[in-house]
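Here chain A shows up in two complexes: once beside chain B, once beside chain C.
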Partner chain A sequence: MEVAKRADRKVSADTGAESSPRGPVCSLRHFACEQNLLSRPDGSASFLQGDTSVLAGVYGPAEVKVSKEIFNKATLEVILRPKIGLPGVAEKSRERLTRNTCEAVVLGALHPRTSITVVLQVVSDAGSLLACCLNAACMALVDAGVPMRALFCGVSCALDADGNLVLDPTTKQEKEARAVLTFALDSVEQKLLMSTTKGLYSDAELQQCLAAAQAASQHIFRFYRESLQRRYSKS
Partner chain B sequence: MAAGFKTVEPLEYYRRFLKENCRPDGRELGEFRTTTVNIGSISTADGSALVKQGNTTVICGIKAEFAAPPLDAPDRGYVVPNVDLPPLCSSRFRTGPPGEEAQVTSQFIADVLENSQIIKKEDLCISPGKLAWVLYCDLICLDYDGNILDACTFALLAALKNVQLPEVTINEETALAEVNLKKKSYLNVRANPVATSFAVFDDTLLIVDPTGEEEHLSTGTLTIVMDEEGKLCCLHKPGGSGLTGAKLQDCMSRAVSRHKEVSRLLDEVIQSVTHK
Partner chain C sequence: MKETPLSNCERRFLLRAIEEKKRLDGRQTYDYRNIRISFGTDYGCCIVELGKTRVLGQVSCELVSPKLNRATEGILFFNLELSQMAAPAFEPGRQSDLLVKLNRLLERCLRNSKCIDTESLCVVAGEKVWQIRVDLHLLNHDGNIIDAASIAAIVALCHFRRPDVSVQGEEVTLYTPEERDPVPLSIHHMPICISFAFFQQGTYLLVDPNEREERVMDGLLVIAMNKHREICTIQSSGGIMLLKDQVLRCSKIAGVKVAEITELIQKALENDQKVRKEGGKFGFAESIANQRITAFKMEKASVDTSNIEEKAEEIIAEAEPPPEVVSKPVLWTPGTAQIGDGIENSWGGLEDSEKEEEEGGIDEAVILDDTKMDTGGVSDTGNQGAPIVLSDSEEEEMIILEPDKTPKKIRAQTTSAKEKAPSRSQVKRRRKKRTAN
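Moving on to the complex of A and B:
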């Protein structure tokens, strides 16, 4: 079992190009990642963001049911298990979001008629759950050696009643916020891969959050790179 | 000959049209299909609406029933949406428990209701802690030809504006509810969320209101739900090719114009119903 580095990162993300009088200094919570911790899946990763923790396992490319096979690319499946209770409609919706994000980056054409399954287990939820799931999925796909055209990361931001932006909100901040926006960004050009939002907000606020998320994603990608460098340099 | 080419190479067939900035059904890239709406057609429901966007047909029926309000919010009622995609609408759906598409659409509609605050749940309370209305909103797709999210949102909005709830008084002595069916009042609909969906082609081209085939060939989709004054209720982009900020801005402006079109249509329809 290899433990990748624990990032003690309290980073400051700039709010981007919009000159807004309410542009505070945003910070991501302390995050950490551990890879290859499970023995059965082809790849696994555990991603921690503050107190939110998600465990991901990837099986693939593996055998696929004839009814689900696609002739020219791999069939991607995502299973999300909540911490308590049975998976419901909300989990199905999140699975669809994660699956479509992974499909956009995974080079499925290299493994036609196979299946790649990503299983996500919520270990603890303290805000920004979907973003943490996306990060864990990406790290697990890398650990499994699935070919991808880019890495992706999830960033959450919350807008409170005064219009202040908070990146990587905790459960309390999410509850009190007027709007919570979650984005998935790719590593090559920080393009928007996935977005899901809750609450009411204006177009200008959206651009502001997007810019802040793009700046924060740089830190996350740097962390991915460093943790992988650390891991492979040991062996 | 064109039909043969379309079967063998559907993507190339589409690209030929997109190069000329139009689509096989003759629409421009930013043009919506003809939208028609019919409200109040189901007499057994408290509110109903039928929306046809091109071939995509969605019917929404709303039934109001009594329930005890939740313990942690005794002054609120419930709004319960459910989207059903039966095998009737498309060959890709089978009988049995709701598939992924139906669940995702149900969750989307629930999110739109929650985010836009279209109905204040406090308005649905009859007697705090004892009795409240629960509105069961059932959306059934009769014909699936792409862009189900836009049609469902529109159908829900139209049906909610059509709902008439009878007056309910709690009898002091018997503590039972007395329903006065003769006195009905409309719901207080506080927002007008309108959804606009786009499909992304080849990572660069954005087309509005995709049909079933276009959705199948696209590399990504994007749905923007906008309220009045340009407030966004939902930016739903479930994966797919990446988008830059500039492209997003174009989508926003199209969503604003669509919101005006839909609001005008809905106002006309409601006017015609109340005049009768």
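Moving on to the complex of A and C:
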């Protein structure tokens, strides 16, 4: 059964012909990113993955309240605001995951007793929201010029009832999936920075999803590189 | 963060420039900044840019019971939020004055002017009505928040489509967007706020002040009007004293501006509707200008996942097998259970029992029904000494637990049925736990 599955995936990757828009072939949705679009924050970025869109603004390194200051590094704060209603527990959880990822890469020791605030606003949600938040946060931190040891990206994958893997799932795919896994990977060696999962899966499937996420992150980092090259190009 | 103070020389410069009828961005006294309206993929979602001030608006709906004193009308709810990215000074605790003022003005402008027909939102009188919620988020503050917010609100309301409902006698059917096309809201007119900033005690006036001009202004006059030249709301704040003909002049200017803005809104709505009908691409992705050097797009990319199964198998083969963990919850009484033991007491110096060690990491299973305490082959828990009595007080209900022996010193009242397990367990002693290899 394993062999057949592998063959299936290879075949569909070769032919490229899909019956449904995203088919069994793993593919990432259309990406777009615009940086420096807001005048007040030090850095800002709008990241779009298909129909999911998140706007990130970064202030920092800036003044920090004495109660929150850390003597040897910067205090990183992440705020996520949903589009409708008041922020709830899900937002708090995403804020914490994003903050842990950012803290792992931001060189806070270069700016002690300061604060770096990342504000995320959900502009539209059509699946893979946490991954989009992570990508927007990374681009905004780059735009703000915050020193980082690596870039990071977020990749979501969903396992449906048959065990097929779908990268960058839409809301419908997430709802029907047996498990949804989101990973944050760094740009230097595609190592895992953060993982959060929901649902039922075996450890073999976990490793497969992680490997698929690492393959996808190559595309995302290439996108980052090309967008920054375009920005700083002279022609 | 505290607001960056405005330096005196900057203030003087701005005021002198205004006296000479000059504005920093080169506009004339009555000129508005460029307004740009873009729509998202869901209905009711729009972003309005007034110069650099940016507001995101989203309309949503829900079926609820109506208010008791208005049983046949729908409910409108407006909420403007000053996001922390809009300005460094906007912190959760700090913006209350401005926030209340803006929200109140927006409510008066949209709710009291009756621009939305709330009677049409009624589904079953007295039982089910639509609650329309408008959420506005300020994304970037470059002055004149109220104008941008009012435009975003009215555009989002005009753009929004609610699900279709049909009532047959007692039965109410709510159709999904796939079954029946969603229905637009019934909007009578479009009130738009126009702001006028006054300087030097009302001598000089500017339309659409930007952030710097707002900081040096003496007072603000906001007139909400629709294209039929009906004034919906008028508010003067800042304590300036205006003459009657000043106010009349402002209302005339407002009439002209509202006509222009309303035309712009209609055009934007029509464009979006046309694109959706023709099946073209719509949404925020399309509104990212291609020519901007700071914007970049990438089409759908397929990812080669053909070798992930081999990679995964390799990793699993090389990894150590997971440790054997048998965890059995210990049920003391219905409603009280214990899984595992606590870790060593890190407060230090409390009692001598810290030195006791436990062999093996497997939790002891104490089954309530057994008369014997079966430790399952786990070596002694190291509870050599007698349990340490912490206090002689008879008033305290204190029980010291030894999972492998029946609790010896039970001070609390226990009923006869619960001999084997105390009713209120309070683990006064913590043990060191060594994990199994």
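Keep in mind that, in the parts below, the second predicted complex is superposed on the first by the 209 of 235 C-alpha atoms of A that agree within 3 Å, B and C clash if a C-alpha of one lies under 4 Å from a C-alpha of the other, contacts with A are read in each partner's own complex, and residues count from 1 in each chain.
In this section, contacts are C-beta pairs under 8 Å (C-beta built on N, C-alpha and C of every residue); 3 or more make two chains touch, one makes a residue touch a chain.
Everything numeric in this text was worked out from a predicted model, so none of it was measured.
K.L.:
With everything superposed onto chain A, say whether chain B and chain C fit together or clash.
P.N.:
Clash - chain B and chain C, as placed by superposing on chain A, overlap.
K.L.:
According to the stated criteria, A:114 is in contact with first (chain B), second (chain C), both, or neither; which is it?
P.N.:
neither
K.L.:
Scan A:164 for contacts with chain B and chain C and give back first, second, both or neither.
P.N.:
The answer is neither, since A:164 touches no partner chain.
K.L.:
In the overlay, work out which of chain B or chain C sits against more residues of chain A.
P.N.:
The partner that reaches more residues of chain A in the superposed model: C.
K.L.:
In the overlay, answer first, second, both or neither for which of chain B and chain C A:173 touches.
P.N.:
neither
K.L.:
Touch check for A:28: first (chain B), second (chain C), both, or neither?
P.N.:
In the superposed model, A:28 contacts chain C only, not chain B.
K.L.:
Of the two partner chains, chain B (first) and chain C (second), which one does A:203 touch, if any: first, second, both, or neither?
P.N.:
both
K.L.:
Who does A:227 touch here: chain B (first), chain C (second), both, or neither?
P.N.:
It touches chain C, and chain B stays clear.
K.L.:
Have a look at where A:184 lands relative to chain B and chain C in the superposition and call it first, second, both or neither.
P.N.:
In the superposed model, A:184 contacts chain B only, not chain C.
K.L.:
Applying the touch criterion given at the start, work out whether A:63 contacts chain B, chain C, both or neither, answering first, second, both or neither.
P.N.:
Touch status of A:63: second partner only.
K.L.:
Give the stretch of chain B that clashes with chain C in the superposition, choosing among 43-51, 115-123 or 187-195.
P.N.:
Looking at 43-51, 115-123 or 187-195, the stretch of chain B that collides with chain C is 43-51.
K.L.:
Show which residues of chain A both chain B and chain C reach, each in its own complex.
P.N.:
203, 207, 210-211
K.L.:
Which of the residues in chain C come into contact with chain A in the complex?
P.N.:
The contact residues of chain C facing chain A are 1-2, 40-42, 45, 47, 52, 54, 56, 58, 60, 81, 83-88, 133, 135, 137, 139-142, 283-285, 288, 292-309, 311-313, 315-316.
K.L.:
Spell out the part of chain A that touches chain B in their complex, as residue ranges.
P.N.:
Listed in rising order, the residues of chain A that touch chain B are 89-90, 92-93, 95-104, 181, 184, 186, 189, 191-203, 206-207, 210-211.
K.L.:
Which residues, counting only chain A, touch chain C once they are in their complex?
P.N.:
Residues 2, 5-6, 9-10, 13, 16, 25-41, 44, 46, 48, 51, 53, 55-57, 59, 62-63, 79, 81, 83-85, 117, 119, 121, 123-124, 126, 165, 167, 203-204, 207-208, 210-212, 215-216, 219, 223, 226-227, 230-231, 233 of chain A touch chain C in their complex.
K.L.:
Which positions of chain B touch chain A when the two form their complex?
P.N.:
The touching residues are 100, 103-104, 106-108, 110-111, 114-117, 219-220, 227, 230-245, 248-249, 252.
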